[in-house]
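Presented sequentially are two complexes of subunit A, the first with subunit B as partner and the second with subunit C.
So, the complex of A and B:
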């Protein structure tokens, strides 16, 4: 078993397969196009986008919230499931954490992309205003980036040592240098193992409040204004649950893709998909409830400024986007997981894909309609982004698999050390009890 | 000297904003309280907006202090000593004026001369209407026009949310934007309850080369990628001239004034502000938000308008 894990985890580093290069180049084209478009925008100003004085936040803000939300999947799998001792999580932790790192950095990058005057950014360090939610954001997101990087780095320490010493492959010298740097002279002696375990538990506890703070302050950027549709006390928890929901879905999607591409079916099976699917179901139902609660109280009172915005969302302009989101982004994914017949790898993956796309749409619907129906009874021109925003957004979507493919050329796609530990634990248990559940999937 | 003084000034501004409330502060910060005092004395018995059991200002100050504790060492400065310095700094400058605008809607026919004059004065692009005329409808379907410049809130939401203190209040009660600092995050546009802020999306239209360097008081030409807004024509007001919108209004529906000297004027006449506002039941926009606007309106629908 242990040899199999090592083989499967290290194979993509040495021989990624013949389609790897093709797909990598294909995704790279999108990323390059987005980068070129951003340079164009940087040169000509935000005026090249479809943003106007009426709707002044659009795709970039939507992307910012969506990408950072997706990164919550890493926190769920590595922190919450670790703390609850869910052994089945082990094979998907590396994928989840890798995805969290990539999407978080992309999300933070959208804060830069959305900024009108980048050369003035250094004033944030010189005269930060602690009353500003933007400063709360900067502090929370940068702390979270550091914590996520540490969380990603810690299990790489023993894995790099395994790559360096325990692998039959002959690595080039720069790789050897990299692995010996990351492995921090790991020998696997009991003292080291104990320290690592303590660090991991500490980070698992720390990352939960950090994650909650990030999406809370993101929500408060909107909620501390006096705009109808934004100014809502539910927004903090609403955003956090939405982030967890889309994060779990994104993990399922990434795991499903890499499982197929890197032939990890032996380690990642029905069990992981079923459990992650159920997690997604619970979070999705909570999100549905929050959405209902939010609109019920707003719609019941009918403040003069709320009515045009609510009407356009539920019955007019934005209704052809809103109701498909409710059906395809919430109800169908929930049903796909809830019905035992479709609660398999394929069904859960389809549900996850619907959720990830749907939650992008939902963030768009949170941000844009309240701006479109402005103050003093004004209706601003409609906003759907233009080619600049579409290219940059699509490029960022392509960047997630792009950077993950690159990441797993450098580091093993399965957490070898962690899986070994759990396998050892379970074989001990097995010898004691006889029939403890095995890591192997049915 | 330049940059250092600038940094120091803005550090002061940061620390003033979340200094804990003391009684002495009332005497120090004339910006925030003077006009409230005058208005509450002279305008009937209107309840003072700051008189809630815990005012929003206090609440935000607490929240700000909390945020600071969370971001421990963010500014890395000794808070206490800075506050004392900041008070001294404020005492040196006393406000001689508190500028206001008054719109007598009984005379407004919605011709938008004020908008045009403002755009000409500031060389603004067509989309940027620093003073914007809305067509409103009363409860009985009667139409009226509402010219709306920046309300220069005494308790300004935009100042609170600016991450870099690029937008700030002057001693004479006007909110300005330092476009040399603004990072273009547009949080102030989101926070403004009056939609009074405009972003410089594209290159600023050409301006005559004879103009002096842009300042927050007269940000012309504006910096692309930053936020601009009505600045009460401080470059006129501070030198005894009337703002562009006041001069341009052929209906004489717009007045500019000073709460301290209690006078307001248009090109034809000048009056005592407090009596006029009181006698004509002046109101302010969105009073319920507790922003304390410096723009007053006399209700009407152009009924007194005659050629």
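So, the complex of A and C:
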């Protein structure tokens, strides 16, 4: 079993398959197009986008919230499952943590993209206003990036040592140097195992409140303004639940794609999809409840400034986007997981894809309609982004699988050390159970 | 017994006419609405403490000159703040002499475009008036008082948040460097 784990984990590094290069190049084209478009935007300023004085947040802010939300699922789910010692988590933790790192860095990059020309970023950093949630956001996101990188790095230490010493594959010299540096002379002695286990537990505990703080602060960027549709006391927990919901869905999607591409079916089976699906179902139901609670209270009071925004969302210009989100992004995914017949790899993956797309739309609906139906009863021009924003957004979407493919050309797709440990624990438990007197009676 | 059809018919018609007369009183009747007239002026008023303020005075009367009291007047200003738009600036109720007064603060002297609106009721028609007023000799604006105690809360909360951030970064550094040192030491001490 242990040999099989090693072979499967190292396979994408050694022999990634004939389609790897084609897919990597295809995704790379999108990433390159996005980079070129960003350079064009840098040169000409934010005026090349559809953002204006009225609707001043659009696709980039939607992308920022979505990508950071997605990263949430990877980090927090992995942390919670580690702390609860759920053995089934092991094969998916590397993918979840890798996705967290990639999507978080991309999400944080959108803060810079949204600022337009780079001097804006410089002035935010050198003249910070501690009363502005934007500066809290920078502090929270940068802390979370560091924490996620450490959380990803720690399990790589023993795995790099395994690649260096325990693999039959001949690596090039730069790879050997890289693995030697990351492995920190790991030999698997009890003192090292103890240090690693202690630090992993500490990081798992730390990353949960950090992740909650990031999405709460992100929510407060909107909620501490006096704008209708943003100024809401439930935005903190609403954003946290939304991030977990979309994050779990993204983990399912990534796990499903890499499982198929790298033939990991033996290690990642129905069980992982069923459990992750159920987690997504609970979070989806909670998100549906929050959405209902938000609109019920706002709609019941019909405060004069809220009515134009609510009408546009529920019954006017944004209704053709809002109701499909409710049906396809919330209700259908919940039903797909709730019905036992569709609670399988295919059904859960389809549900997850709908959730990821739906939650992008929901973030757009949180950000844009309150800006369109702005303060003082003013209605600003409609906003749906322009080619610059679409290209950069699509490029960022393609960048997630692009960088994950690259990441798993360098490091094992499965956490070898962790899976070995669990396999050893389970075999010890089985042998102990075999030694113990049987309680069964004929 | 022979039925007196003529008497019966007369009785039925009488009852129907009586019923019609009785219920007709409760039927809605389209009342004739009097035309109303709305004008807007402004003046600088001084209160007992000697504070001056600019007041927009909307006078509402019937076409025959009778002042309309207890009517709500809505005030709007056409502004170019975020593109040209008519922005609500408040409302006031007419007094016994038909005058509604809205205190209005602005730093900008010169021409301002206002719209005042009376929605009408069952006896009087609605009225709307656009007026361009050249505002001169503007009184000083009321100083905004700072939120009570918030500056202290803000100061201490910033310090608190800063301390928490420092603790978190120290913990992260501790985990990172602690792992490196611990694992390297473990490899030497085996």
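In this section, the second predicted complex is superposed on the first by the 426 of 442 C-alpha atoms of A that agree within 3 Å, B and C clash if a C-alpha of one lies under 4 Å from a C-alpha of the other, contacts with A are read in each partner's own complex, and residues count from 1 in each chain.
Operating definition for what follows: contacts are C-beta pairs under 8 Å (C-beta built on N, C-alpha and C of every residue); 3 or more make two chains touch, one makes a residue touch a chain.
These numbers come from a predicted model, not from an experiment.
Partners subunit B and subunit C, brought together by superposition on subunit A, clash. In the superposition on chain A, contact is made by A:378 with both subunit B and subunit C.
After overlaying the two complexes on the shared chain, residue contacts for A:165 are found with neither subunit B nor subunit C. In the superposition on chain A, contact of A:302 is made with neither subunit B nor subunit C. Once the two complexes are overlaid on the shared chain, A:185 sits against subunit C while remaining clear of subunit B. Of the two partner chains, subunit B is the only one touched by A:56; subunit C is not.
In the superposition on chain A, contact is made by A:203 with subunit C only, not with subunit B.
In the superposition on chain A, contact is made by A:154 with subunit C only, not with subunit B. By the touch criterion stated above, A:428 is placed in contact with neither subunit B nor subunit C. On subunit A, the patch touched by subunit B and the patch touched by subunit C overlap at residues 53, 130-131, 136, 139, 374, 376-378.
Of all the residues in subunit C, the ones that touch subunit A in their complex are 79, 81-83, 85, 87-88, 154, 158, 161, 165, 168-169, 171-172, 175-176, 178-180, 182-187, 189-190. Across the complex, subunit A is touched by residues 7, 10-11, 13-14, 17-18, 60, 63-65, 67-68, 70-71, 74-75, 127-128, 134, 136-137, 146, 148, 157, 160-166, 180-187, 189-191, 193-195, 198-203, 223-227, 289 of subunit B. Residues 53-54, 130-131, 136, 139, 143, 146-147, 150, 153-154, 157, 184-187, 189, 191-192, 195-196, 199, 202-203, 206, 210, 374, 376-378, 380 of subunit A are the ones touching subunit C in the complex.
For subunit A in complex with subunit B, the residues that touch the partner chain are 44-47, 51-53, 56-57, 114-118, 120-121, 123-124, 126-136, 138-139, 221-222, 224-227, 230, 374-378.
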